[in-house]
Structure formats: C-alpha cells, structure tokens
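For reference, chains read A, B, C, D, E and F in written order, and residue numbers begin at 1 within each chain.
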Amino acid sequence: MPIVTIKMLSGRTDEQKRELVEKVTTAVSESAHAPKERIHVIIEEMKPTDYGVGGIRKSDE
Amino acid sequence: MPIVTIKMLSGRTDEQKRELVEKVTTAVSESAHAPKERIHVIIEEMKPTDYGVGGIRKSDE
Amino acid sequence: MPIVTIKMLSGRTDEQKRELVEKVTTAVSESAHAPKERIHVIIEEMKPTDYGVGGIRKSDE
Amino acid sequence: MPIVTIKMLSGRTDEQKRELVEKVTTAVSESAHAPKERIHVIIEEMKPTDYGVGGIRKSDE
Amino acid sequence: MPIVTIKMLSGRTDEQKRELVEKVTTAVSESAHAPKERIHVIIEEMKPTDYGVGGIRKSDE
Amino acid sequence: MPIVTIKMLSGRTDEQKRELVEKVTTAVSESAHAPKERIHVIIEEMKPTDYGVGGIRKSDE
C-alpha cells in the first residue's frame, strides 16, 4: 500500500513521466518488498512561480 | 480543526464535488466529534498522466 | 482510487478512528461514485505542540 | 532542509507570491536556525470549487 | 484559510517551535493579506532515518 | 528539486529504509534527469490503526 508522491517542477515530457512512474514503482517494490500492484505513484508538478529555494522563486532566478 | 485532503482522478462534476465536501464534513464531524465549522476539506484532482498504480499510469491503461 | 488524508489533533479513541475510516469511506464512495475497495483513508495525528491557528499553538492556548 | 507547503485559495498576484516565498523563508530560517539556502517553499493554490469549510465550498458561499 | 505545513528534521526545542508557528503566521498574513486567525500552521518532524538527500539518509551521513 | 514522499505501513527495517531512499533516488534521477543531490526522499510510516482501505483499517483486518 505504499503511496508515493513526487513533487517536481513542471516541464517533463509524457515519456519521462511514464518512465518515472514505472521505475519508482519498481524501486519501491524491490526495497520495501511490496507487490507492485499495491504501489501508487502520484506526480505533482510545481510551477516556477510557485516554488522557491533560499527565498527566491525559480521564476525569479 | 480536522483538515481533510482528497486526492482523486479529475473528471467529477461540480455537483459531485459539492456533495463530496458536504458528506465528508458530516462524516468527520460525527466520527471525531468535531464541530462542522472547524472542518476543512480540500479536493486535489490528479490527471491520468500523473497517477499510476502497479507502475502503469491511468493514461496508459 | 481516491486517497483521503485526515490531519487532526491526537486524542481520538481507537473506536473513533475505526468509525472515522468507515464513515469517510462511505461518504466518498457515495459522492464520487467510487467503489469502496478503492478508497484509502489515512489518519495523521498532530500533537498540540506542533499545530497552531492564528499564530498560537494548541499547547499554548 | 525544511520543506514548507502553503495551501491557499488562488488569486494572489505574482508579487504577493514572491513576497510570500521570501518572507516565509526568512521566518523559518530565524525560528529554526536553518540556513536559508536549505529552505524550500511550495505554494499550492486551491480553487474555490475544490475547498470548503463547514461543509460549504468557497464557490458556494 | 492558508494551511502551512513545515516538514523538518526533529530536534527543535519547544521554544523554537512556538516561535516558528508565530513568525510563519505573521509572514503569511503580511504577504498574502490573510487575517492571522485564518492561518493554520502544522509542524511535521522527520526522523533522520526517514529522510535523505542525494540518496543518503541523514542517519547515514 | 524533486521531493518524494513515501507513505507506507510501519514495520520496515532500517536496512530496507536505507535501500528505499537509495533506489528511489536513483529511479527519479534517471527518469526525470535530475541530479541526485537535488532529490529529497521522505518516508512517512502509517500505523495499522491509522490506515484503511475499503473502510476497514489494517488493524481490524
């Protein structure tokens, strides 16, 4: 029942997202000994205007 | 002060969302003995390209 | 596939938590027309030292 | 390594978001004695149709 | 109605947490023009065994 | 800057958690073309009393 959420900047291609869901599922399955069909992966994209490190947004760098 | 977040695939109608917020609030209020006006409900829709189970995204099924 | 997270102050009894998971699942199932067996509910308890409204923590009220 | 997520109703201007990331970073840095460059701030906007308090969505008030 | 969640490594004192909730609330209130009494702040502490950057957990550094 | 959160039932060994953080970081790095040192992984353990599927908590199964 692992539920994995990946927050990342928007801009990945559809193919990258497909690969991300597939590979992360495999990694979790192998490490946590959980059957793949119970693993959920959610991608949450962040806009550069809505995410900052060190007080500076990505859109302002 | 319960804060409820519901992640689900996009595609629900406005009426379904209204009902969802209303009924979940009632359910939490009754079970946790919290006054309704303190219960927050947030709906977060996931796109089929951004959510997968078993390593396969909903958009790829 | 709805995934519901409920953040609330710690202190509920085991029976209240059982009822909470059961009733919220029913509410989501009815409103969003999702089969019950696909609905996940997670309770996340907050300590009074780790939660505040209006700038004042529950433990300081 | 603090990771701060701010969920709020949509509608803030770009300038307000910039200020929000900047000021929250400073507040966390000073209170938690964490270097600014390690502090991440994420703004997640909620639509009035997807957020309710007391069982009533903002879009229905 | 801003809801702020701060994930950080465990180990802060109670006084640091109090200050964190207070200062972050003020920062959000000023930047987003939201009344303080509507701002919720949640601190979520992470254990060094449960958090890693670059593939290495804090407990393994 | 991907931030990955993994919610799973408690009970994994320390070695499993170490492997989980390492392998998930590699999977995200390869799929999203993000440098490893920018990838954060957080494990959040759920108690069987606080998690249910289909309206039934793990502790009640």
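Rule of thumb we're sticking to: a contact is a pair of C-beta atoms (placed from the backbone, for glycine too) under 8 Å apart; a residue touches a chain by one contact, two chains touch by 3 or more.
Everything quoted here is computed from the prediction, not taken from an experiment.
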Shared interface partners, meaning chains that touch subunit C and subunit D: A, B, E, F
Cα-centroid distance, subunit B relative to subunit D, in whole angstrom: 20
Separation of subunit A from subunit F, taking each centre as the mean of its C-alpha atoms, in whole Å: 12
Inter-chain centre distance, subunit A versus subunit C - centres from mean C-alpha coordinates, in Å: 24
Junction residues of subunit B, two or more chains touched: 1, 3, 7, 22, 26, 40, 42, 51, 53
Category of the chain touch graph - line, ring, star, complete, other: other
All pairs of touching chains, each written as two labels joined by a dash: A-B, A-C, A-D, A-F, B-C, B-D, B-E, C-E, C-F, D-E, D-F, E-F
For the subunit B and subunit A complex, residues of the former touching the latter: 7, 46, 49-57, 60
Subunit E-facing residues of subunit B, complex: 1, 3, 40, 42
Residues on subunit C engaged by subunit B in the complex (per definition of touch): 1-9, 12, 16, 19-20, 22-24, 26-28, 30-34, 51, 53
Interface residues, subunit F side, partner subunit E - complex: 14, 17-18, 21-22, 25-26, 36-45
